[in-house]
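So, here's a batch of structures to check.
Across the two complexes that follow, chain A remains constant while its partner is chain B and subsequently chain C.
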Partner chain A sequence: MLITQESASYQDAVPPGGQPPWLARHRAAGMARFAAEGYPKRSQEAWRFTDLRPLTASVFPPAPPDPVAVDAATVAPHRLPCPSHRLVLVNGRFAPALSDIGVLPEGVWLGSVTDALRERPDLVAASLAEGEASLAALNAALFADGFVLAVEAGVTLEAPVEVIHYADMGAPAAAHVRNRMVVGAGGRATVIETSTGVGAGWLNTVTVVTVATGGALRHVQLQRDAAEAIHTSVVRGDLAGDARYESFSLMAGGRLSRRDIQVNLGGPGASVALNGAYLLRGSQEATFAPVVTHAAPHCRTDEVVKGVMQDRAHGVFLGTVRVHPGADGTDARQLNRNLLLSPTAWVDTKPELEILADDVKCSHGATVGSLDEASLFYLQARGIDPATARLMLVEAFAADVIDGAGLDEPIRDHVHGHLRSWLDGLEGGR
Partner chain B sequence: MTNLLEIRDLRARIVGGRDILKGIDLDVAPGEVHAIMGPNGAGKSTLSSVLAGKPGYEVTGGSILYQGRDLLALPADERAREGVFLAFQYPVEIPGVNNMYFLRAALNAGRRQRGVPELDAAQFLKAVRDKLKLLDISDDLLRRAVNVGFSGGEKKRNEIFQMAMLEPKLAILDETDSGLDIDALRVVSDGVNRLRDPNRAIVLITHYQRLLDYIVPDHVHVLSDGRIVASGDKTFAAELERTGYAHLGSAA
Partner chain C sequence: MSDLAMTERADAPPDTLDGLIKGTGDGYKYGFVTDIEADEAPPGLDEGTVRFISAKKGEPAWLLEWRLKAFHRWQRMAPPDWAKLNIAPIDYQASTYYSAPKANSGPKSLDEVDPELLKTYEKLGIPLGERAALAGVAVDAVFDSVSVATTYKDKLADLGIIFCSFGEAVREHPDLVRRYLGSVVPQGDNFFAALNSAVFSDGSFVYVPPGVRCPMELSTYFRINAAKSGQFERTLLIADKGAYVSYLEGCTAPQRDENQLHAAVVELVALEDAEIKYATVQNWYPGDENGKGGIYNFVTKRGACRGDRAKISWAQVETGSAITWKYPSCLLEGDGSVGAFYSVAITNNLQQADTGTKMIHIGRDTSSTIISKGISAGRGQNTYRGQVKVMPRAEGARNYTQCDSLLIGKKCGAHTVPYIEVRHPSAKVEHEATTSKISEDQMFYCQQRGLTQEDALSLIVNGFCKEVLKELPMEFAVEAQKLLAVSLEGSVG
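Let's turn to the complex of A and B:
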């Protein structure tokens, strides 16, 4: 095995024995792959705009499993304001004392990866794939835990699944988390993930999603990591015919974050909604990179992503919609809109269509602008001070994408609350 | 009676341009309605913009006293909270900002400034209902985002509704009649007439005399090439209708 400096740092971190041989094989393959590839390079097109130096400049040993400072009171402010099946992962490991999975209907399995390895190893095995790249490969080698949700055919899970990833890592440390969600034919579920915490940790997650024929999964990811934290995340989704995956991402925390969402529309009539917002200030750096592949006819993509950047923050949108030969009747819309609040804030946006079928309806677009002066004056002419007027316009810009995401009321209000709390932290806040 | 507004030799321009206002003198007392008429390019909109504090204009000479204070020293939002209201010629559409949310924020900003307790949601709603009734406006306008998807008439009506809610001391109506058909003009004018008050002054800026058939002013002024070139009482407007502005252009 080729040992690079990067991988050498992590060799000792591979969780030792007590695991099934197939998992050991995946871990070894992951480490080998990472050893060969190392971190993503800016010479790779998909990583061209992302400055990974905060990640590559340090070594991130595995995070301490059980920080004493994290208790129910630490996690309480981040909980949903409605009944849920709640899992809390602290530094990437399931924390039973902080979790409340509650009563699950027949046909639903929900729990940690550690428990799944005992009860449903098949679910964990399906989250690992050959040929995972760089950070996902390192994740395969090192993941300690994660969550697993399996909804059987025809079953609807009414209450949302709530997953809180809480990080408390003093020195640079990493939590590699591997998640698996599978919804059977005609099944339904909603999952809300929140990542938050303190310290300069690195959270590296891989989530593998499968939705069978006619099933539907709604997936909300609220990223409010600590100011010094790094968060890289990959969601890989595979949808069968008439299946639906609705993803909403809020990226509003961390020093460096990157979210890759790769969805394969594999059966006729599958549809995906990929909405989100990145809200950045200070010297935050965030990349949102959704890639949808239309591999079957009559599938649909709806994608609206908005960015707000202040100070020296840098946002990157890399959206790709691929339409394979034969995927006729494809209907795909992709829109990225950005608001720059400071002359030193910037954004790179690259919405792309790769169309290899004939009969398709595809649109894409990107805008970059600043606050509308006429609107600002209108608000001030009614007595609203300039700072509040700015906040109202920023909130309106970003709220629109939340309202358009089709979330149910308690969750929508919860997401709006995250937006407002971010706005409160803006310079000249209300 | 002391004047609410005293404009003396006001000179102003768009930043970097030539003077558009070339020495305006105007006194407005509480309870009065003044109409400022004049042809396109006379400086009517510049005058309303300067009064409201719109960015992009600079005052190169003269003064404006409002309630005895230097109005030009106040930023636009403070002028508004002190009771200056501009009804826009082109009300701005603001997607995503709900009309009611916006108006309550505006109303309470003014109340804070005056040291009056803010209105809670229920009190605000009651005030809204009262004013809607007064102005005969349907409440579905309020559920929408500020001016978004409003017809021209709805936008102007929304301006007058905001005026009713904010209860200004000085209301400047900038071409409020433009783009209105006769029915909409009547509705808007009725609204303005109901808001006439001994403690409130109204300045109507208009190109056309027809507005003055509905809102009868106490004083009529003709603005031409940046100056007020003629003034008179309400009968003056009808006279202007017959004679036009042209002969007044060089009167100053």
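Let's turn to the complex of A and C:
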């Protein structure tokens, strides 16, 4: 029944200005796929730990195109403390008044999907693929906007690109956002995405990343959505030889969130760093599901993901490293560590290895535990009160993964700020 | 103890061991078929088959009902498809579900046992009579489906230990069987357990009374014999309060061209302060170099630590079978109970194994250890699949898991699928896994010291598995080491 309604909204969602026939085809295929598959089910292995009821229990029609009054002051606290090329999307649509793309160097294209459809439709076309599953298929059918970044070969974009997704949808509604990032051979760029807002909206994003030979993309995603919000996102990355993709994800907002990062190491010497943290409390649930495929020899994966759960929060880590036949010289490390702070907090973790080549070095580890009593005692013996001692240890646990992510100083400080603001909200916070 | 050493001690030619290690080219060593007139059920499976088996075994009505309930469950179930296994569809109507060696009434002594059977045991090296005394092992030998002779029964009986065939237990100790049968693995637990519950033929039953320490290692041999007859063993082992028992299981099977299904169920119950050690060496026919033939080993093994401070330990060396689907598990219900799982699994040629364990922490202060070593060679696929679950009341639960994979060759695969589900903050759960290959340096070093390539491989592999092998009873460990070498024959060079 719900799917029929989604289907009806798809019929309404065709933009007034029309769309190119290839896009209409993709939208139709996406809708057909979603109508056939429906929402992911718990019987599917990849979704067995994720409780999608908050999403499936009500209908989330696409957010209406009418502009929402969001002023610069609302968005300002979420901005980076350094110069950037800034795009703001409100309810999934580009908001020019809040954005400041600034002056771009030669060989860089940055803008909204709507603008790209006019100026660089090739970039948008490359963000759509056949056979997208469930939520990504629905996204293909219904996306209204997004951002596009293209860095040409040999070009370095010095200042970071900053994208703020702001949600204020009033009634339950969905913002389907499709993003595209391309870095040419030897090119370099940094993108910081922040999602935030108010209300019980659903943000459903798909981001398609390509990094050509020797290129490097750093991608930071800070998720601080409203307490009632739902946020699902898929990042699909394809890396050529010696290319590098560094991803850092902070998941600290929303009632239900899920981040799927799928990276294909397609050329020799490609490397990926997937670091992140989920910080959860109340009855939040977050799933972090990175999948790395080593399809070429001498590639490298470094993955460190930490989780802190308090109250009735539920964290899920589903990490997979696949090594294809012939991908010799693979070096992959995967680590997931979890901290449970309350008797009712819980975690499910499944770090999976699938190895079909023999000359590999692969390791993975997972731990679950609570705060170390000896460390707490040590701090208290030095005159620190129990509440502060607890916070210090939680901060140290989470800060570790931020420091290890290799972020530049202003961005690292910005991420630390998010961690501290989350800690302030902890029970017995300062 | 497994059949390998038994053969040695019995009438095996002196070159057996050399033959094992160097490879005689005879193919599977135990590939012979004994020609005995079988009393078979017609192929196919329906309610009539279940009734036939139950009647044939002279079972009480409650057990028939229990079987039928399982059968009806099974009819509504589908085979599991989540394992990383490629299984050709199985025609359950083509199998024979009961085959018994012809016997008028149960044999009262060795003289009454069919000489054909005795010869088979000789070939298998099972020590009956004096040999049993020499080996110090009580053997409840299962030939296809009906137990034929049980040794050492009297000695065990003096201590109050019951060690007999399942069929006998149903006749002699119906209360115990009724109380514990299906209490760890319910009829509808999974597709293969349901099938077993409906058509199980025979198996072993052990009961160790309170405070008794079983003075010897109990051992049972399973042997699949009649062509196309799936083997559906049922083992039920109960250690009452403060009891201790160590149980060994080893397997060989005749060579065949058609896949044979083996769906056993093993249930262990450990009451307060009891300890059960269960060791398996599995060496069934794995199929030939092209993957033709070989046993399907789809087994449900589970132990319940039902009392406080109970301990259950599983140790397994899995080298045989075309396909292995097996997850010996522990339900840690009692406070302070302890579970352990030690495993070596080898896949060579086209063998596939999806094996691991489940540790379900239910009581307070429960702890579990998992050590798994997977070795893949040839085109073998080896998956460790394990679940560690800490329930909301399992305060102070502790788990340590280590699973290592060793790859030999370019065409094999090693997969690790751990599930860690924690519902209590005081739990401490650690999981570590590594994957590596045998390095050329290691091989070169050994060969430079005069070892042959095969000996070097065997040395390195045994070192890799050491942590698990040391958990096996001594005689078992010695044979397991040799078995590792045999299983990896031809995988290098």
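The definition used in the following text is that the second predicted complex is superposed on the first by the 407 of 430 C-alpha atoms of A that agree within 3 Å, B and C clash if a C-alpha of one lies under 4 Å from a C-alpha of the other, contacts with A are read in each partner's own complex, and residues count from 1 in each chain.
Here is the rule we go by: contacts are C-beta pairs under 8 Å (C-beta built on N, C-alpha and C of every residue); 3 or more make two chains touch, one makes a residue touch a chain.
Only a predicted model underlies this, so the values are computations on that prediction, with no experimental measurement involved.
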Three-chain arrangement built on chain A, chain B and chain C clash or fit: fit
Which superposed partner A:Ser342 touches (first chain B, second chain C, both, neither): second
First, second, both or neither for A:Gln44, with chain B first and chain C second: neither
Touching partner for A:Pro325 - first (chain B), second (chain C), both, neither: second
Which of chain B and chain C A:Phe397 touches, first, second, both or neither: first
Which of chain B and chain C A:Asp358 touches, first, second, both or neither: second
Contacts of A:Thr367 with chain B and chain C, given as first, second, both or neither: second
When both partners are placed on the shared chain, which of chain B and chain C touches more of chain A: C
Contacts of A:Lys350 with chain B and chain C, given as first, second, both or neither: second
Chain B versus chain C - smallest C-alpha distance in the overlay, whole Å: 15
Chain B and chain C contact sites that coincide on chain A, given as residue numbers: none
Chain C - residues contacting chain A, complex: 82, 84, 390, 392, 405, 407-437
Residues of chain A defined as touching chain C within the complex: 45, 49, 325-326, 338, 340-370
Interfacial residue positions of chain B with respect to chain A in the complex: 52-55, 75-77, 80-81, 85-86, 88, 91-92, 94-97, 102-103, 105-107, 109-110, 113, 145-146, 162, 166
In the complex with chain B, residue positions of chain A that touch it: 372-375, 377-386, 388-389, 392-393, 395-397, 399-400
